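Paired with chain B in one complex and with chain C in the other, chain A is shared by the two complexes that follow.
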Partner chain A sequence: MTWDSLCAYVLALVVAPLLTGIINRVKAMFAGRHGQPLLQAYFDLAKLLRKGAVYSGTTTWVFRTGPVAGLAAVLVALAFVPLGKVPALVSFNGDFLLVAYLFGVMRFVTVMAALDTGSSFEGMGASREVQFSALAEPAWFMGLVTVIYVSGEWSLSPALAGVSSGVWGPAGSAMVLVGLAWLGVFLTENSRIPVDDPNTHLELTMIHEVMVLDHGGPDFAFILYGAILKLWTLGAFLVSLVTPYRTGMVLLDLGYGLAGMLILAMVVGIIESIMARLRLVRVPHLLLTATAFALLALFLVMR
Partner chain B sequence: MKPSGFVPFVHGDAVPRRKVPILEIAEFRKALLDAIQGGQRLVSWSGHEAGDGSVELLAVLADDVNGTLAAAVTRVRDGYPSVTPECPQAHWFEREIAEQWAIKPEGHPWLKPIRFHAPYRAGASMPGGEGSPLPGVTDYFHMEGDEVHEVAVGPVHAGVIEPGHFRFQCHGETVFHLEIELGYQHRGLERHLRGGPDRKTVHYLETAAGDTTIGHATAYAHLVEQLASVRVPSRAQVLRGVALELERLANHTGDLGALAGDVGYLPTASYCGRIRGDWLNLTAVLCGNRFGRGLVRPGGLGVTVDAAAIAEVQKRLDALEKDLTSAVELLWSTNSVMARFEETGCVSRQDAEMIGLVGPAARASGIARDIRNDFPSGIYRYAHIPVGAWHSGDVFARAFIRWTECQRSIAFIREQLSMLGEGAVQVACGLLAPDTLAVSLVEGWRGEICHVALTDPAGRFAHYKVVDPSFHNWFGLALSLRNQAISDFPLCNKSFNLSYCGHDL
Partner chain C sequence: MMVFMAGLCIMLGGGVISRLVPGNPRFGVAVGVLTAVLGALAGLLGAVDVLASQVVIEWTSAWPLPAGEFAVRMDALSAVFLCVIFGLAMVSAIYGWDYLRVEHAQTVRGRRTWLWFNLLVVSMSLVVVARHAVLFLLAWEVMSVSSFLLVAYDHEREDVSRAAWIYLVATQIGSAMLLAMFAVVGARMGSFDFSAWGALRNAGPGFRGAVFMLGLVGFGVKAGLYPIHVWLPEAHPAAPSHVSALMSGVMIKTGIYALIRLVFLLGSPDPWWGLLLVAIGVASGVLGVVFALAQHDIKRLLAYSSVENIGIIVMGLGLGMLGWSYRQPVVMVAGLAGALLHVVNHSVFKGLLFMAAGSVVHATGCRDINRMGGLMRRMPHTGAAFLAGSAAISGLPPFNGFLSEFLIYSAAFIAVLNGPSTLVAPAVVVIGSLALIGGLATACFSKVFGVAFLGEPRNDQAAHAHECGMPMRISLYALSAGCLVIVGCAAWIIPGLFRVAGTVAGLPVDPGTGPLAMLGSVVSRVSGVSAVLIVLGLLLAVVRWRLLNGRCVGRAVTWDCGYAAPTVRMQYTASSYTQPITSLFRAILGFRIRLRPPTGLFPAAASYESRAGDTANDYLFRPFFRFVERMFIRLRWLQAGHVQVYVLYVALALLILLLVAL
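Our next item is the complex of A and B:
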């Protein structure tokens, strides 16, 4: 553990809500609107934390556990993921499996909380979430295997650090494919267009949002913040992949990472502005394509 | 001996009640079915007290090809053999009559209330339901089987929209059947109109469906003018047409934007949302109200429109056309949008004919049915708007038809305003003809608006029936969802964009 790792972790906790502000601003620009304030997510979190929560009489402790456990899982996962070429706070061989299943835990508790309400909407949302994440996982893992193969490291920080400008030369095409596969996973896991529409109010079409319809107040703040950190964490994979090398200067390295995240947020905003959502039955096609890209990348580097 | 039992008449001509034949129910039923078989449509079918304890059922048929209407009445006491099994487009009318008058259509395949109110006939009760029913509290079509599940949506929805209850029978993500229950907005409008026209009547009808203010007000004005034998000044006729097309433009633009919004396509959603407001503002330039309240009055217009207002509308029209074109063309050129619109929520032409769809929904299923063309009144007698139809019956067709209609409405407004004459816009309406039947049809933006009135010996409304296009089309939405993904429901719903209050009245 080094100081810059700790700084990166704190940076993530503080700056992550800004990403949604940037996405919304970019979308507003495309739509010819002013858009909400950049700091709206902070305002929302502050507002929700001050509120009381309402619990349905049909729910049990499972429903109340969901938001807390979900946020805890993503806070731990964040500690394993490097930002740019700044290594993560914690790292050990095989830590990527733990990270994958921490996200699994987050999803599991959210789904259980959704099912606990007994609402038919939340059941539908849970079924969609589980289906799509099961298809996203292979793409994510295949990409990671490629990165591990290229770098020869079995832990996230060194493995992603290993994808330096030296690797991009010979294995550039493979890395582009991994990047595309991860972008697909990133958009799916974070419920963004073209998979899910975070702005819709239509409960029949939602995936993630519909699962958390019954949560309110601080619980919802935890869910919102958890989702924001998940956006950051999964985004950090993409940013780390394309960051060329570590300069050794703390501020410059952190600056690289932060700039990468902000650019990623703009890319998401642009994607959401220029295309419509996929039909729900087409989402698996997108994820299978992402898996195919990642597999192809693996074949390319193993050649 | 008449060819059918129904007496034919021309749209715009009131018919003395004594000329409308009172048929025996068997004869009435046969004449109705023969007419439908021959390609005519049921545009209105309603009951009113006959005076001797029985109920008089008045049916109005439209022959789109010849441009004639036909009417006949029959008298029933408690029940009659339902015509729905042979004529599905009557199913909602028969349910309405059963609910209002406690008359049972024997053999109706799915007899339930549609608005959930107590019957108008004292002491009677809806077959199967006693007391005062609550909206939505009823039996539903139900499926059983492994992995079949039921999803109930509404009456309170996530968006700021009207209340309605939707019950889906699903298998996973696939919808087998959708049942729509309405009635939450029932205000008893038609019953309040009896004894009129009075000062309130026009206001009731302007708010029958708030987004169709001009449409319903025009239908009402046209009806009164028939009964009072009044000729409306041509300037007023032109401006009514312009206002009706502006209403169409505002709503079609809003719908195109909302369709884009439902598939998460931001640019068109945002721009059309803004442009819809601009169209409403044009109506406000004409009459001071964005929805056109106070504009259309029996005998002409309720406001005088000066040359400056006309010039302002003409000026803004050009800019709006440009903006709208660029916003809407984006839809057709974006593959991800087309992938969502095409082959979603298909209604075949055969189904559309059978259930009697009207308006853009019918034209999107390949039926070139448009009151402005088939039964023109007012300015539409002199200025023809081409009728567009598209064959695919899907969400794309319903969106694309709206766009073609927008283009034609803009051209129509431009042409009419450029040659608008001077003159009065209002003539006084005298007393209404006593004991007369009048039928008024208007192509509102959602489709055919039908108002039917019977006057009493004093020339007051003894019976007033409003048929909003939504009345015909709600079942079309249910059909469009068959074997569709439940996640596409909002998109299909928006592509019809039907009125809850227009249906519930």
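Our next item is the complex of A and C:
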């Protein structure tokens, strides 16, 4: 553990809500609107944390555990992911498996809480969530195998640090493919367009939002913050992949890691503005394409 | 060894007494259960002693068996399996005592099962210590027959007796392969004592390959490998739940044990062995979980999930063997240790899930999860146990399922980094399949728990379900705790398993240095992270409690988009929950759909029923057995139905054999 890793972790905790603000601002600009304040997510969190709560009579402690366990899982996962080329807070061989399965924990408890309400809408969202994430998992892992093969390390921070400008030269095409595959997984896992539309207000078409319909107050704040941190954590994979090298100066390294995240948020905003949501039956095709891209990348580097 | 043998004798004696003693059935049952628990405890002590002292114990009885001798050998590998067998046997005996309580009081049938139960445990433990082929086969057959009798517990019910017969036929086919294998090897080696089979390593690759294939099929039937798993989803749901737990949790693992033993007797494997095992493991793993997803009978689903987990174990085994073939000792040890740990883990959480499912079946009187719902409120203990088991079997931290999958993943990633490209390809396949299986298993078990335990009850039985009795609860909590204890003790368990894997392969392994020490420390960090996760979760729970304390916390109905009169039938069912996934895999699942569409101007009744088939059964075994039946019908004229004629047949057969021998 070094100071810059600790700074990166704290930075993530503090700045992550800004990402949704940027995404929404970009979307507003495309639509010619003024848009909500950049800091809207902070306001929302502050408001929710001050509220009471209403629980459905159908629910049990499973429903109340969901947000708490989900936030705990993502807080732990965040500690393993480097930002740019700044190494993660904790790093050991095979740590990426923990990250993947901690997100599994988060998904499991969210789905459980959704099913606990007995609502058919939330059942629908849960059903879609488990389907898409099961298909996203192989794509993410295959991309990771490629990165590990290239860098010769099987721990996240050194593996992603190993994808430096020296690698981008000879294996550039493979890295682009991995980046695209991971972008697909990133958009799926964070329930963004083209998989899920976070803005929709029709429960029939939603995935993540519909699963958390019944949560309110501090519980919903935990869920919101957890989702924001998940956006940051998975985004950090993409940013770390494309960051060329580590300068060694703490502020500079952190700075361009942060810049990468902000640019990624803008990219997401642009994608959401120029694309429509896919029909649900098409989403598996997107994820299989992502897996195929990642496999292709692996074949390219193994050649 | 004496403690171990004493344990077996206690169980056998107790079983016989419980069966024979006349009068009050409660006394017989108490003897059966008590001796099962005590005997298992003694056996467990013996096995733990071998593991702790790292010595190999051999023992030969003064009384020879016909055509063989009663020779046993307990090394670390046997001891690992013995721990699993006795540990789960103890818990399921306590559970079964309560589970059959009503039947115990009313009929003698419940009491009679305890002889078969104890016999099953004894025969399983003899299978994993037998050093002589005849003893091994005898124990193997006793194991099959006693479990058959336990499966046929409710034999008056047609589906149960059918399931029991399917099981008996399947297991006899496996035994036939084993008989052939032992005969071939024994003839070649000139002895049926395993310790005299050292020369097997020097046999030609063709011979060793043939023996491997015979063993793979013979043991694979018992283990439930795809596509010879078809008996598993029939037999496991039919048996009483504590027996299902024992069969799914440990009996099928004896197939894995024997396979490991055989492979290492055969010596350095050809690469195709490992490749074949990886392929079978991937097929069993992915298809097992896909079939499980399509089920809505809770015990049938768990049986299919056993096929999945056996697949994961075989993937680890296959990687280990490939590591051996390609001279990658770390891959070998990690793969093998991962497989062994998954054997232990699966027995804990599958035992837990079967027992919790049994408690549910007991309370609701049905096995269809689409008729349950809302059980969490009515059965909080069972519900909590089932939730822990579901998370563990989905491989989620902080539970034990993650650790073994982590080891198998690690073997694959080390193979990707260090191995030749012929090793990288299967390793990548393993990584991709494990990732997919993990996601699908989460889907599968969130379905079971979500539909059965959460939401509102879908019928009266579910609404009036009652929590299980204290002994059953104790069993459930013991196994749930086991899921966490294994993670907590990883720092001791993992190096031990590395050593076991090393001794099995005949390689001196030092888990204290080199890459294995690194892997061991990584695994203990994983358990550290699991602890952090738990602590952080508790901290956040305190924060939430502090925030809500004193504020207005209301109670309302579930938000259904403004619809104020929701009915329980509007809830998502198991079938609708998994429909998107099962429709992706419909080609494999072979759905049978019965549709009665509404007709006429004023349609009255309509129905739609879909049932997932099993392609291996529908397209492989059913046609095959139909063919066999046709052939056998032609031989019907031989069957006169008179004992005298059959005696004549026996005499004729002996005469022919004598003539051939002369």
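In this text, the second predicted complex is superposed on the first by the 303 of 303 C-alpha atoms of A that agree within 3 Å, B and C clash if a C-alpha of one lies under 4 Å from a C-alpha of the other, contacts with A are read in each partner's own complex, and residues count from 1 in each chain.
Here, contacts are C-beta pairs under 8 Å (C-beta built on N, C-alpha and C of every residue); 3 or more make two chains touch, one makes a residue touch a chain.
This one's a predicted model, so the numbers in the text were calculated from it and none came from an experiment.
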{"item": "Contacts of A:Val242 with chain B and chain C, given as first, second, both or neither", "value": "neither"}
{"item": "Chain B versus chain C as contact partner of A:Asn199, first or second or both or neither", "value": "first"}
{"item": "Which of chain B and chain C A:Met302 touches, first, second, both or neither", "value": "second"}
{"item": "Partner chain in contact with A:Leu262 - chain B first, chain C second, else both or neither", "value": "neither"}
{"item": "Touched partner set for A:Leu75, first chain B, second chain C, both or neither", "value": "second"}
{"item": "Chain B versus chain C as contact partner of A:Val105, first or second or both or neither", "value": "second"}
{"item": "Dominant contact partner of chain A by residue count, chain C or chain B", "value": "C"}
{"item": "First, second, both or neither for A:Ala276, with chain B first and chain C second", "value": "first"}
{"item": "Partner chain in contact with A:Met124 - chain B first, chain C second, else both or neither", "value": "both"}
{"item": "Contacts of A:Val176 with chain B and chain C, given as first, second, both or neither", "value": "neither"}
{"item": "Footprint overlap on chain A, comparing chain B with chain C", "value": "120-121, 123-124, 127-128, 203, 280"}
{"item": "List of chain B residues in touch with chain A within their complex", "value": "149-153, 158-159, 172-173, 260, 262-267, 269-271, 274, 334, 336-337, 339-340, 344, 485-490"}
{"item": "Chain C residues touching chain A - in the complex, by the definition given at the top", "value": "373-374, 376-377, 383, 387, 391, 394-397, 402, 405-406, 409-410, 413-414, 416-417, 421, 424, 428, 431-432, 435-436, 438-440, 442-443, 446-447, 449-451, 454-456, 518-519, 521-522, 525-526, 529, 532-533, 536-537, 539-541, 544, 547-548, 551-561, 566, 568, 570-572, 576-581, 584"}
{"item": "Of all residues in chain A, those that touch chain C in their complex", "value": "49, 51-60, 62, 64-65, 67-69, 71-73, 75-76, 90, 92-94, 97-98, 100-102, 104-105, 107-108, 111-112, 115-121, 123-124, 126-128, 130-131, 133-138, 140-142, 145, 148-149, 152, 154, 203, 213-214, 217-219, 222, 280, 284, 291, 298, 302"}
{"item": "Contact set on chain A toward chain B in their complex", "value": "27, 30-33, 120-121, 123-124, 127-128, 193-194, 197, 199-205, 272-282"}
